[in-house]
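Everything on this sheet refers to the single structure shown next.
Note that the chains take the letters A, B, C and D in the order they are written out, and that residue 1 is the start of every chain.
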Amino acid sequence: MKTFLNSKKLMLSVAAAAFTAVGVFGGDAAAQQTIKMGMSAPKTGPLAGGATVTHWPNVKLWVHDVNSRGGLKLKNGRAKVEVIEYDDRTNPGEAIKNINRLATQDKVDFILAPFGTGFNLATAPIFNKLGYPQLAVSAITDKIPTLTKRYDNIFFMLGSTSTFTGSVVKILKKMRSDGKIGNRVAMVNVADAFGIELAAAARPVFKEAGFEIVYDKSYPLGAKDLSPIVKGAKASNPDAFVAWSYPPDTFALTAQARINKLDVKAYYTAVATPFPSFKGKFKDAAEGILGAGGINPDTPELKAYFKRHKEVTGKDADYWASAVTYASFEVLGQAIEGVGSIDRKAVTEYIKQHEFKTVIGPVKFVNQNSERFWTVGQWQGNKFYGVSSEGRPGARPVIDKPDWK
Amino acid sequence: MTRTEIRNFLITIVLFALAALIPLSDSGFWLSMGITIATYMVLSTSWALFSGPTHYISLATGAFYGIGMFTVGVGIELLPYWVLVVVAAVIGAVVAALVGLATLRLSGVYFVIFTLGLAELIRQIVTWVQTTMGSSSGLYVLTNITEPIIFWELLILGIIVYFIGWWINRSRLGFALRIIGNDEVVAVHSGINTAAAKIILFVVSGTVATIVGALLAPRLSYIESSIAFSPMLSFIVVITALLGGAQRLWGPIVGVIPFMLVWDFLTATFPNQTTLMLGICFLLVVYAIPNGFAGLIEKYSHRLRGRT
Amino acid sequence: MAARSALSVKNATKNFGGLIAVNQMSFDIEEHEVLGLIGPNGSGKTTMMNLISGALRISSGHIQLFGHVISGQSASQISRLGVARTFQLVRMLNSMTVLENVEAGGVFGHRKLWGGSLQMQAVEMLEKVGMGDAVYSPISALTYIDQKRVELARALMSDPRLLLLDEWLAGLNPSELQIGIDLVNSLREEGRTIIVVEHVMDAIRSLCDRCVVMNSGYKIAEGTPAEVLADEEVIRAYLGDDHA
Amino acid sequence: MEILLGGILLGGTYALIAMGLQLQYGVARIMNLANGEVLVAGSFGALWLFTGAQINPILAIVLLAPAAYILNYFIYLIFLRPLVRRAKSEGQLEVDSILSTFGISFIFIGLLHAIFGGEYFNYEYLEIPFEIFGQAYGVNRIIAFVGAAILAALLYIWLTHTRSGLRLRAVSVTPSSARLVGIDVERTSAMAFALGGAVTAAGGSLISMFDTFDASIGVVFTMKALIIVILGGVKEIRGTIVAAFILGFAETAVATLIDPGLTLAAAFLLFILVLLFRPQGLFGRQSS
């Protein structure tokens, strides 16, 4: 009994300490209006590597951009933005707790969406219950209709599993009809939720399109040696190689493909292919490699974005989720300005009703899903260009992947 | 029942009743904190049921927890949720019994490593089966089960675990386990079927962990093997239990609560250095409180009693 | 046959890899008999005891307890059939009280007591071994002989049909030794069947009806204490060839 | 042939991961859960030297290994020696060292994260194909294998042909008798622990040539190392090395012949079977 009371007291003091410790980010003058934003994503754990590239720097950049032009315009004047950040340590339970903490302890005005499909889904009920709009970026699922029906405050921006896989098939079909490649596809996937789901979605689509899957294997998450899988794929003599892969294995597969001279005209690896470090590692050998996502980096907006990203965060943005993540913040910011207050319900409605002008071009949600997104990109020269998209102009034609040097 | 037992029983009831009120407050944060604490309370307590008396350190908690999650994830479209929890419990019990049978020969560190390897093996096989059998989409568990319900479920499971623990402690089985923990040679020469005793406890412990996984699956909505079978979970269960003191039924809970609160405090205060701070706190605890909080509390309560 | 054979060992052999610790041992004990198992250090006495109690699995041969084959059974099964033992190096359950240490012997073995009758019986046993006033002491408070007495009480808790005492008297000072001998004698007078492994010759002479002498794993002599202690081969085994 | 060569190369990588832990666990009796983090620290060190000072990862070992030796020596003195001293039994030490090194691993992750950030790192060094029997292998992998072989050979010669090596082996087999013949067990353990750290960091440097890593990835290495060390029988470095190659072969064979998705499952299955049927490890001696 006694210990319980003590711990209860301890809880309260812990909470109080947490509250005072984190509330000191932005505003210099106490009188100035601020909008408090919250963010929970992995800084450590298996997903930290991805979040550090596409997620965290963009929060920093957006806050910098907004505040350097004086803050968000509300009805009663400008308000600077400050962000409270928490590490979910790649643990969904922790993410749920963090979102709850942001809402009920820190009492933030808005919460930026977490990183990863599982994390967005796990926290969706909390966002919904608390009435915060959730602009999920790094969440790719086929359940978008179900989820948006359940939660009237969630928005998706990167598309669904089937468009994701479908567009890869579309690209390959195009290459086939242009006579660049034949029918033989080698497909591998990482044996984790995302990879399994993509592979399962891709199989029937490939078959439907008349492709023959000549090699179809998975490899465990964290496998240290991927050379057998690349050798196996090569032995199956494919025309195209498709890997539904995660960051560390995207690198490892490509390194092995190069060493084993897996020469195909179409070579696709999924997540992390548009990372600047991918180009950094493979340099000229990256030429012609297809990957998930892509954007049109030559628009003036994106050119400026890339420049600012480098200046403010000291790092290069990637060619897919980075800009989309930034755009999701822009949508939220514009919606707040559009409403002119921090009325979350009104902001959510505003997001549903309006079109937003962002670095990736106009964004409009139909049934809470942004139907314009890039699906496949390709390294061409020093940039990763979108070569296939849903409703986004500026897709470049696909080039044949040159043989490995 | 002795007078202390009645007293402890009443205290337990009051504590659980108070805890059950948490969801009625409007603070989502304390509710999710409560779920975290309740999860680890149940896991650590059931872990200690087996490992406390036998001194076998099991790192298989994550395996059972993952089995529970996956059972629900795979079956949610086919069977009602409650049936799945039962199915999960049965699967967990069977796996635990098989593992128990296989590991009788192992002791000490071999058991530790075996259980760690087992968790990974199960995870690999489950994901491979998932890939090869090709479920058409990912494992989604979209239900109407909200956080308060999950919290209450966990509390009820906690009460059951406490009751089982209390009952075992009073029973011949508990006595047998204490003898095994002290000296296995004496135990066998006293006629104890040490294998059976250990298996029973391992099954209880494994089944509870499986049920916890099954209960938490709706909270995650989307089941990923890397998260369901997290080895980190197994380690944290061991650590909170040892921190509290695995020899007492109430030991793990006095480990779990401060551990989670401190961890949470660190998460909130040092969002960029959570892991570093956690490591430092961890070492402080290991060196400053070598016998766990239960040992500490008992030491001071003895002292207090000694004075009066 | 006047008395029933309590234990019958036939050609018992135990080897550890290449080392044969017990070689073709055969002997019998009758009910109510006290048998001394003696021999120089390393002659295989304790291994023999471990084979009987089931602590070690026999390599070949067999052992019968009141007509039941027990070799090949586990220690816990053998214990339930009525074999209890003490250990060469005393084994206490350190985190338990003296009472619990004794109770441990009466719950799962030959007798299955619980609750009040268990406690009563354990207190009775402690009184019998002269430890009646240490019932709730922690083990750490006990002297070596007291621990040995507790261990004996634990073994007696199961009301064993065969009691194995492995150097139970070793390490005691002269006055303790006398207490110890008296205690075993009292058990003998109760009519218990006992095998003692001992080095203390006085104890063997006063306690044992018969002795089996082992050397290098073999049985080298069998008979009354007086007979075997006069046997030339036994003397040679103990003192070396020069003294024969 | 393909399996054989692939297995050998992977086995070399595994040997690099596990040899250090063998010294720490086999001799110093510390089940070091921070071992993987030391390896990752070695990788970061190599990356830093390579990108910052153009020092190649092989030469980097000359700097990294002594640094790791000193660091691990102090870790042992400050954190682990008190545990060894207060432990009443081997089991107690095991529990305490699990808890303590778990905490230390968090500190490592935290520091690496604070210094380098959370993203994935890799660099390119000698990633050029080299053909053996018509199959291509990365030169960096071959170098890592050669490095593993040299390290293993040096360790082995040192253990069998020098006095300090002999002391280490004596402590490994029976600490109590080693004490009787006048060996300072504590100092020897500290040395073994530090040496283990140095070997691990050297391994990290070599592995970084072809691996993508981030601050949190250490636990993957720790698990692998534990498995290999236990497979090999804990007490002997030879066992660890052979176990590393057996595991390498097993995984390559399963990946090539059966299904790459089952490689880790196969590894764990092998491990579990060995534990069940030869709990002393493949090469450990049966204790009576």
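The criterion applied here is as follows: contacts are C-beta pairs under 8 Å (C-beta built on N, C-alpha and C of every residue); 3 or more make two chains touch, one makes a residue touch a chain.
On a predicted model such as this, the values are computed, not experimentally measured, just so you know.
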- Message: Starting at chain A, how many touching-chain steps does it take at least to reach chain B?
- Response: 1
- What are the two chains with the most C-beta pairs touching? A-B
- Query: Compared with chain B, which chain's mean CA position is the farthest off?
  - Reply: C
- Distance from the CA centroid of chain A to that of chain D, rounded to the nearest Å? 35
- Query: How many angstrom between the C-alpha centroids of chain C and chain B?
  - Reply: 43
- Between chain A and chain C, centroid-to-centroid distance (C-alpha), Å: 74
- Item | Separation of mean Cα positions, chain D and chain B [Å, integer] | 31
- Query: When you check chain A against every other chain, which residues touch at least two of them?
  - Reply: 43-44, 46, 90, 191, 218, 220
- chain D, residues touching no fewer than two other chains: 109-110, 113, 259, 261, 264-265
- Item | chain A partner contacts - residues on chain D that touch it in the complex | 2, 6, 9-10, 13-14, 109-110, 113, 117-124, 127-129, 135-138, 210-217, 220, 224, 251-252, 255-256, 259-261, 263-265
- Message: Could you list, by residue number, the parts of chain B that touch chain A in their complex?
- Response: 11, 14-15, 18, 26-33, 35-36, 39, 124, 127-128, 130-132, 134-140, 142, 146-147, 216, 219-227, 230, 232, 254, 257-258, 261-262, 264-265, 267-269, 271-272, 274-275, 297
- Query: So in the complex, which bits of chain D are touching chain B?
  - Reply: 31, 79, 82-83, 86, 90-91, 94-96, 98-100, 102-111, 113-114, 219, 223, 226-227, 230, 259, 261-262, 264-265, 268-269, 271-272, 275-276, 279
- Item | chain A residues within the chain B interface of the complex | 1, 3-4, 7, 10-11, 14-15, 17-18, 21-22, 43-44, 46, 84-87, 89-94, 96-98, 100-101, 103-105, 117-118, 121-122, 124-126, 129-130, 141-143, 146-147, 150, 161, 189, 191-194, 196-197, 199-201, 203, 218, 220-221
- Can you name the residues of chain B that touch chain C in the complex? 172, 175-176, 178-179, 181-183, 185-194, 247
